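Next come two complexes built around subunit A: one with subunit B, the other with subunit C.
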Partner chain A sequence: MMAMDIFRRIFFGHKEEYWWMKILVPITSIFVALIVGAIFIWSTGRSPVLAYKYLFGASGLVPGPYFKQHFAEMLLSSSMFIATGLAFAIAAKGGLFSIGAEGQFLVGAITAAYFGYAKPFASMPTVLHLTVIFVMVMIAGGIWGAIAGWLKAKMGIHEVITTIMLNWIALYLIEDWLVTGPMKANVETGVSGTPYVSETAKLPIILKGTRLNISILIIIVVAYLTWFLLYRTTFGFEIRAMGYTLIYNMDAPRAAGVSVDARITQTMFVSGAVAALGGAFIILGVLFQFPPVFEGGYGFDGIAVSLIGQNEPLGVFLAGILIGGLRTGATAVQLAHIPKTFPSIIEGLIVAFIALQELIRYLLMKLFVRKRNNTVSGGSDEKAVSGGVAK
Partner chain B sequence: MNLLNLSIAQMFDFAAPILFAALGGVVSENAGVVNIALEGIMRFAAFFGVWGAFIGKNPWMGLLWGLLIGAAVGVLHGYISVTWAGDQIVSGVAINVVAMGIITYLLEFVFKTTGYSPPVPYFGAAHYRVHIAFISKIPVLGAFSNLTLLVWFSLIAVGLIHFMLYHTVLGLRIRAVGENPHAAETLGVNVMKIKWFATILGSVLAAFGGISLSLGTLSSFTNAMPMGKGFIGLAAMIFGKWTPIGALLASLVFASAQIVQLLLQGMASGIAKQIPLGFYLALPYLLTIGALIGVVGRAVPPASDGIPYKKEG
Partner chain C sequence: MKALELKGITKQFPRVLANDHINLSIEKGEIFSIVGENGAGKSTLMKIVYGLYTPTSGEIYVFGKKVNMKSPHDAIKLKIGMVHQEFMLIPRFTVTENIVLGDEPRKGIVFDFKRAVKEIREISEKFGLKVDPLEKVANLPVGIQQRVEILKILRRGAEILIFDEPTAVLTPEETEDLFKTLRALKKDGKTILFISHKLKEVMEISDRIAVLRRGKLQGVVKKEETNERELARMMVGREVVLEIPRVKVERGPVVLSVRDLAAKDHRGILKLKGVSFDVHAGEIVAIAGVEGNGQMELVNSLIGFTRPVKGKIILNGEEMKLVTPYNVRRKGMAYIPEDRKRRGLVLPFKIRENIIMGQHTLYPFSKGGILNDKVINQFATKQVEEFDIRPRDIYISAGNLSGGNQQKVILAREMAMKHNFLLASQPTRGLDIGAMEFVYKHLIEEKKKGIAILLISLELSEVLGLADRILVMYEGEIVGETVPEKTNEEELGMMMLGIKRNERLVQ
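And then the complex of A and B:
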């Protein structure tokens, strides 16, 4: 019991009855989603056993052949999902529903590409060069996020609508203007897209023989800082107060002297800056240039990652690892004649069961709380169940 | 048909999917159920519409299949977010993500292709269009002389939903539930039933939107569908201040921004030719933000929008 208490204190930092539900609900959701996914595969006449064998075998989550490669690839893609997941979580804590990570990710990517190849910077030593790039990336992504925050705070325009619009604006301005115009690589070199970044802008490899680079270490630090920001600073306290009182138009924090308008813009800045990191990771660690056609989607998957992780930094980190693993294994499921988008079915199902958490809570409470009460005190189980469900 | 009429007709073609999605949002959010699953529902319906039309060899079968799958997804959303008072946004995200994966899967499974479905009978074919010959030469009005059935459905739906929301008891109840479900319950309104009804009707409308993408002007399903049209519909709903007429106007604004972009691009000369394509493509979205700043100001959703309802006691 003592160990559990310490575990809870470390990872949640706050006392809550049935806090273990927060862990159990996602885990149950993941298992149920895998079962439903299996039934789906089976109903289309293919082998679920084979599918999961290939999926997890190549996911880097479980040991097996080529584990080192898969593990490295998994962490590589996880770091991007964690970045966009954290971005969503930060905004969500402040009661903001930001779908803008997609655009902020792109802005981060193009900024990283520019400062990666641009002349005056390309001759800097690696440490300095990367520092410059990351600072610029976070400023650019932060500004892209802050626009939506400012429009909400000052103009009262819903953040859902502005972040959607900003995503499209970012996409078109980058793909159909910057990449094909001012930032186009020299035609003679035969490179389409932007020029490649200089050697000093490539993220250092931390596992020999793989592509695994320091992005995963950076994102671990960022995840910790996010937790610190949310739970150990006044800023975090104030934005969480906004999130809790969202349905009352954030009147309570406003009355308590929180400058809600400024906090909204700042929250969106931080959120955008973190999402942009993901864009920098993909450019500086995987693609090394901004390609003519960019395969996005990290921003939208970040929403799922954050929801699976219950919008808590540690949860987002673990969920990011899971989704990164599923995506890494995706190409392998094709061996079982299953399209490689299969993992996104699993991902969506997990989120669906997360949304059904009232049901899952209810069932889990019935399962566990009754048992405990029967052995310890007995009798009062009904009360415990309804108390837990009513939050 | 002259260029003006053609452009207006094209605008209605562009607007129909957005309008249907926006109307779906209007209905469901007036009852307090946020439905960001519009995008996913459109994807489901666009694909099942094509699948139905492929099997039944006529678009009506496609329409039926599409609407049924839309209703089914609506039931899922309702079960999660109404019956179990789950987070509506989380449920919507889930449906969108599932739609992404499952439809790609089915596309390969049914048609053995990765990007496109084979062409199927569709509503854009000449004999499924509504011909009104005598107005075809009149400027502006002539645009209405050769529209598809789905476009007409979308315009009729605006009127029907406006009537339902503001001139019937049912509509009053829907809005009451969206504003203050507890008060509505006190007055004997069955809140759960109303929310269920609005959720499913909203999803069916979004399904119409998906069908007008794949069976309206195109005759096949492409794997990129619905290309963010569901989210634009959501934006149109907010832009239109959660009313059907507002949704119509907003959809027309979005669609005309696209037309303007096409026209400018086509006719540009001199300096305008120097403007990169990206600016033209981003124009509709920039216009939207501009319009929101200047025209709409604060958009106020129904008071209990997005808050799961739990019966007391």
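And then the complex of A and C:
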């Protein structure tokens, strides 16, 4: 019980009714998704056991052959999913449905590439150079997010619309203009895309013989800071107050003197800055330049990661590790004659079950609460009180 | 014949025993009232009857048959209907659409609007519930919206109708109309369950009255055999006299000055048409008036929710150029909002969080932007004790508190805030007499401390009892100014309806 209490404290930092639901719902969803995935495979005449053996064997989540390599790759991609996941979670806690992480990720990536190769910076020592890059990346991504926030606060334009538009603007601006124009590498070198970043801009490796770099350490710190921001600061207090009221047009925080308009913009700034970190990770740790064709999608995966992680920083971290692992194991499932998109299907299924969480919550309540304690009755009550304010 | 029988109904919430072995039997065709303090368990009991909650134990019989309801759907099938305090209507839809929603008459597969309108005309005729079936709900006053709710449940054949504090949002005239309807329903053989904190109303409309206290049934009395005083005593467990003591306080300097203030409502209609007044330190100025005569726009302008079209607001000698809630609160304004659920509280927040909202950025609750949980908890625990918030648990969500206790949380917060002007907008709406007494006590305490208070109230007894000066608002203007010693309910009533005006007092 003691351990549980500590775990709960880490997770939420405060007493929460039925807090364990937040853990049980995603875990249940993951298991059900894996079972449904197995049935899919089985129904096409292939072996689910084999598929999962290959998938998890190469995921870096469980020990096996070449574990070190897989583990490193898993953490490498996880750190990007966690960045975009946290970005979504921060906005979601404030009642903002931001799907702008994709664009902010790109903005972060191009900013990292530029400050990585641009002349006056490229001769700085590593620590200083990386600091400059990360500060610029977060400012650029933050501004990209804040634009959507500002448009909502001042003009009342819904953030879903503006963030989608900003995603497209970022994509075209970067791929059709910057990368092929002002930021194009010297043609004689035969490089397409932007120039490569200098050695001092490459993230230091922390596991010899792998590509694993400090991005995972950075994101652990950022995840902690996100939790701290949300639960320990006055700003986080206001974000959460907003999150419970904004979508229902309730005014309590505003009436109490919270400058809601400013907070919307600021929250979107923080969200954008964190998403942009992911973009820096991929440039400074994996690609080392902005390529002519960028395979994105991290921003959208971040939504899934955040949902699975129940918008809680620690949850997002764990969900990011899971998704990173599934992606890392993706190529290996082909050995079981299953397309490598299979892990994405699993991811989709998990999200679908999370989306049904009201239902799952209800069933779990019925199962556990009734049994454990006869005097407390089932899900319908909680629905009646908290149904309207689910998140 | 018994319409409804409850046997040993118990409801245990995680931290609260809301209903404790309640036995009731209600005859067909009677108007049965339930009274009790805030948090006594009235709403919980009604929600059980309507299938919103499942009782922890106990049995329910409807027209002699044992039932086991799992949702309101089952209740509707058993001919039980409920008029909620917050209406569940869709503003953009017409009255007709709202009423038939979910059970539309059809011609083939298409919605038969004409027949729907005809049906509604028939029921509204039958029960004397006049509505225009083609009007949009958004354009209707609250009283009529409530009628639409009633029509909706009648159309579904309800025989047992539950009204949870239906009069809390109504003007006295609208209440009279509602009572006419209730009597007509009774005559038609419908059974009515009625909840109100206004004992006068309860005495007027009920056949029998059940009193709940802290989840337990104290007794059921016939209307003829009781009186308001006895009911109040049964509810609270002690003698309550809702007499407001007259306290004279030396009037201090002007704290708030309003000059020629005009403002529009959210639809852009000019509702406040140039009002001017002052509020002095140690003085309670009451604004009396029928709801919808500009009070809301006045409140919104003062707190910074709407930008006035003209006029000045001078708080503590300083003209407020940009009125925002943040600015006015920093300048010393505290605010008890009229709508505690939407404006007062963040419902999923715990008591401890709600009770510091607005002060959370100040020392000692936070330092350098970082919250100090220990101080917050100590403060919350102290306030919960001092303001008698039940249950005494700072970790309970505000949404799980009864209405009265929600109001106490707001009071506990606002009183603790540094202020010398208090804007109290309908501070006793939906409160039981015990809690009302409590609010009055605190308002008078504030006045003694030399705080300037602007009280906006629809209750004349409250206005007459508390105010040092009364301003009457009618159609966005101040049509009269008086002092309680020189006036009475009749005169105020006439002014509120625009029939009589009087001169402003010379300050």
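By definition in this document, the second predicted complex is superposed on the first by the 371 of 391 C-alpha atoms of A that agree within 3 Å, B and C clash if a C-alpha of one lies under 4 Å from a C-alpha of the other, contacts with A are read in each partner's own complex, and residues count from 1 in each chain.
Criterion: a residue touches a chain if its C-beta (ideal position, glycine included) is under 8 Å from a C-beta of that chain, and two chains touch if they have at least 3 such contacts.
Predicted model, so just to flag it, every value in this text is computed and none were measured.
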item: Subunit B versus subunit C as contact partner of A:Val351, first or second or both or neither; value: first
item: Subunit B or subunit C, by number of subunit A residues touched; value: B
item: Subunit B versus subunit C as contact partner of A:Met138, first or second or both or neither; value: neither
item: Touched partner set for A:Trp177, first subunit B, second subunit C, both or neither; value: first
item: First, second, both or neither for A:Leu322, with subunit B first and subunit C second; value: neither
item: Contacts of A:Pro339 with subunit B and subunit C, given as first, second, both or neither; value: first
item: In the complex with subunit A, residue positions of subunit C that touch it; value: 11-14, 47, 52-56, 70-71, 303, 305, 324-326, 329-330, 335, 337, 341-350, 353, 357-358, 360-361, 366, 369-371, 395, 397, 399-400, 413
item: Residues of subunit A defined as touching subunit B within the complex; value: 40, 44, 97, 99, 151, 155-158, 160-162, 164-166, 168-169, 172-178, 180-181, 247, 300-301, 303-304, 307, 338-339, 341-352, 354-359, 390
item: Residues of subunit B touching subunit A in the complex; value: 36, 76, 80-81, 84-87, 89-91, 93-102, 104-105, 108-109, 114, 228, 231-232, 234-235, 238-239, 276-279, 281-282, 285-286, 288-289, 292-293, 296-299, 301, 307, 310
item: Subunit A to subunit C touching residues, read off their complex; value: 14-15, 17, 232-235, 237-238, 240-241, 244-245, 249-259, 374-378, 380-381, 384-386, 389
